[in-house]
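Paired with chain B in one complex and with chain C in the other, chain A is shared by the two complexes that follow.
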Partner chain A sequence: MSGMSKIVKTISGIAFPFITIYGLYIIAHGHLTPGGGFQGGAIVASGCAMILVSYGSIWTMNRVREKNLSILESLGAVCFILLALLGLGFGTVFFNNFLVGTNSLFGVVPAVGSGLANINTGGVIPLMNFAVGLKVIVGLFGIVLVMAYASRTKEGKK
Partner chain B sequence: MNVADLIALLLQHSPALIVAVPLLGAFITPLISRLNDKVRNVFVILTLGLTASLVFLLASDVFTGNIHTYIFGSQDLALPVVRILFEVDAMSAFMAIISVILSLVAVIYSWSFMKENTGLDKYYTLILLMTAGMLGMELTGDLFNFFVFLEITSISSAALVAFWTNKAKSVEAGFKYIVISTIGALFILFSIALFYGQYNALNMAMIASAIQYTFLDKIALVLLIAALAMKAGVVPMHMWLPDAYGKAPSSVTLILVGATQASLYGVFRVCFTIYGGAINLTPISVGWILVILGIITMLLGVAMAIIQTDFKRLIAFGAVAEIGYILLGIGTGLVVMLNPEMTATGLAAMKGGIFHIMNDALDVGLLFLVAGAIYYATKETSLNKLGGLARNMKYTTVFFIIGLLAISGMPPMNGFASKLLIYESTYQLNPILSIIAILSSIMLLAVFVKVFHAAFLGPALPKFENVKEVPKSMLIAMGTIATIIIIFGLFPELIINNIVEPAANALVNYGDYIREVIPSFAGGV
Partner chain C sequence: MILEGIHIILPILIVVAAAFAVLMKDLIAAAIAVAAMSLLLSLEFYILQAPDVAIAEAGVGACLTTAILVIAIKATKRMEEDA
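What follows is the complex of A and B.
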């Protein structure tokens, strides 16, 4: 798949940071607002897919290696399970939310009924959202990238 | 902390760790395979070895009569029914042992068998994911969790069936498998919704204690049995099974046998535990339906096996027939479950059926591994083109003879012990059933003797002159299963008394399973 016109490239270049920031916001606020790791990750990955469409798969493939994406994807999954295992190590059981109530990272317990969302809450849930978000971003982007690259070789044969 | 404390701690957390260890290993595998292929293979074997030791540790405690529960995220025992709950009784532990043995053997076998393939990091990741899925299906105490693990198993096994993507037939088989699995999974999801709508619960014990056997429950029962029987390859829903078993790499087929049996475990868990006392309130006995399905499966599997010319497809139909024996045994147990006069018969049939789950996995698994070894050595699966291989492949020939005797229920192999129990007990229910079962066994023997003659005996063929015995890792894998088969065959009483009987009792005394979560439950004695 080759790139599109210069207008499309410029506009998608402008839109890309906004889409990414919005997706990361959805991931980071996963424990407070609707959404989370998967939803935010899908938004960021769709931004990456937009760049892929406008600049073409060859251009993208030269800059992003599919193997590196799969390493990041594995890391996301490993982080998720390690967090669950840390619940066993530091807390009591597997998947235990050991950070809640420690007042450290994401460890604050908000007062009941407070309407003001405090992002520093939720314990391991935000961290797990980050891990899922990483996995979904690189996973979805990797799938789209490989499919675009494979369809390119098919066109070349014709 | 001394060793005893550590073991007690491991035992307490083992239900979670049994699923967590292969899952963690699955995602570390792609990272490790960047380093070195051998390191990766060792890592995968060690991961499954650790899982296996955890399963054995848990099973050794469960078989003494304890039921283990594990609540994720909290040690607080209040409201266990709304939490993610693992509940392990003897039946779960029995199935987990089968799954983990099959996976471990398959990975050892893969070392040489899959050596020349690319993309092995994905292969091993999928195998570990599939193992985690199967173990999760068997250990979970939550119906929705069961569905999730079923999906994990289906998706990873469909990808593994189609692993040899350069062969069109493999891709077709994988596609067939994913379609069937998805339809089955949607049936299960729908029946879970029916339960949730009526009883506001997803926990198996909670549903079992509240079940009323309403019209909706009947629909849910039909959907659950149909979907899980479809995934287990019961005739008339077996059309995907010969394709998937026949076209997947042999090491994958071995684990697929475990995956089908995990689905079969689902059938038994649904019939015995969830519907428990309500199951015999029906005008048409569910037990008889299982028995009839078993008989049809047996006869059709054997009849189709006779006419096959492809080695692996033939064994696949043999595997279909073996599933029939399991259904026959456990269905008989279900028919007489609430009949006090026939308790001994029912228990014997259950023991035979449950013992046969393990024997089927081992026998069919060994035969598939032998078929894989022959494919590895000759690149040929058609029986018309094979011949005279006993000259070059001595060990493989011996393993095939062991598998042949075991699958057709000849003494002194393990198949004899379980099939004898099934024949004896079904004879008391209805003599025709056991006559059909014996007839199928004889036909299985005839089929596999034919295969033995076609592949191993006969004159030496010039094109197979340079065929060598397969590498050590494949021999070790086949040898391990063959050894277990012979040990089980020589000391069946040991296995039946220590492993099979607790599992049969766990299914029959379903009240214990429910009382572990809901202490006030009174039925199911």
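What follows is the complex of A and C.
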């Protein structure tokens, strides 16, 4: 699949950083506001799919390898399960929130009734959001990339 | 009062967009109509107090589905043939 016109390429190049930052914001604030790993990951994957459609599959396939995407997606799933198993190791049960109350990374417990949200809370939940976000970004972008690659091989046969 | 008006108008607009998606002969225009229907549906989810579902619907339904449909249409023919 070839790319689109120069106007489409320029506009999507300008819009891509804003879409990515918004999706990463949704992922990082997943324990405070609506959204989380899946929703933010779907937004970032939408930006990547926009770049793929406007620049064409040949340009994208030269820069992104399908095998690397598969490795990154498996890394997200492994991180999620590893965090759950660390709860079994440091605490008592599977998925135990062992970071909360330690005042270290994401470990602050907010005061009861405080109105303002503190991002440094939640224990292990933001880290699991990051793992799910990585898996969803790479997985959804991989689906669109494989679709574009299949359409390119059909074009070559004609 | 305004909210009840929006609750009446939005489902009608969703049905109109879905009808456009079925009736269009130009398949790119039909894909854009599907995207518009999905965006209106996410607005309806937001009004019904489900912002989580609204974000997921706007990301997956309005953008990724449209990208896949545009890729599929570029690999085949753009205009629908008369039956």
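Operating definition for what follows: the second predicted complex is superposed on the first by the 158 of 158 C-alpha atoms of A that agree within 3 Å, B and C clash if a C-alpha of one lies under 4 Å from a C-alpha of the other, contacts with A are read in each partner's own complex, and residues count from 1 in each chain.
Criterion: contacts are C-beta pairs under 8 Å (C-beta built on N, C-alpha and C of every residue); 3 or more make two chains touch, one makes a residue touch a chain.
Owing to the predicted nature of the structure, the values given are computational and were not obtained by experimental measurement.
A.B. asks: Where does A:45 make contact in the superposed view: on chain B (first), on chain C (second), on both, or on neither?
C.D. replies: After superposition on chain A, A:45 lies in contact with chain C alone.
A.B. asks: By residue count, is chain A touched more by chain B or by chain C?
C.D. replies: C
A.B. asks: Mind working out whether A:105 is in touch with chain B, chain C, both or neither, as first, second, both or neither?
C.D. replies: A:105 sits against neither chain B nor chain C.
A.B. asks: What is the contact status of A:35 with respect to chain B (first) and chain C (second): first, second, both, or neither?
C.D. replies: Touch partner of A:35: chain C, not chain B.
A.B. asks: Applying the touch criterion given at the start, work out whether A:21 contacts chain B, chain C, both or neither, answering first, second, both or neither.
C.D. replies: Neither partner.
A.B. asks: A:58 contacts which: chain B (first), chain C (second), both, neither?
C.D. replies: neither
A.B. asks: Once chain A of both complexes is superposed, is A:95 in touch with chain B (first), chain C (second), both, or neither?
C.D. replies: In the superposed model, A:95 contacts chain B only, not chain C.
A.B. asks: Touching A:11 in the superposition: chain B (first), chain C (second), both, neither?
C.D. replies: Neither chain B nor chain C is touched by A:11.
A.B. asks: I'd like to know which partner A:117 touches here: chain B for first, chain C for second, both or neither.
C.D. replies: A:117: touches no partner chain.
A.B. asks: Quick check on the output: what are the common chain A residues between the chain B footprint and the chain C footprint?
C.D. replies: none
A.B. asks: If we count contacts the way the header does, which residues on chain A are in touch with chain B in the complex?
C.D. replies: Per the stated touch rule, the residues are 70-71, 74-75, 77-78, 81-82, 84-85, 87-88, 92-97.
A.B. asks: Taking the touch rule as given, give the residues of chain A at its contact with chain C in the complex, in rising order.
C.D. replies: Within the complex, chain A contacts chain C at residues 1, 26, 34-36, 38-39, 42-43, 45-46, 49-50, 52-53, 57, 140, 143-144, 147-148, 151-152, 154-155.
A.B. asks: If we count contacts the way the header does, which residues on chain B are in touch with chain A in the complex?
C.D. replies: Chain B residues touching chain A: 13, 16-17, 20, 23-24, 26-31, 34, 70-75, 84.
A.B. asks: Could you list, by residue number, the parts of chain C that touch chain A in their complex?
C.D. replies: Of all residues in chain C, those touching chain A are 51-52, 55-56, 59-60, 63-64, 67-68, 70-72, 74-75.
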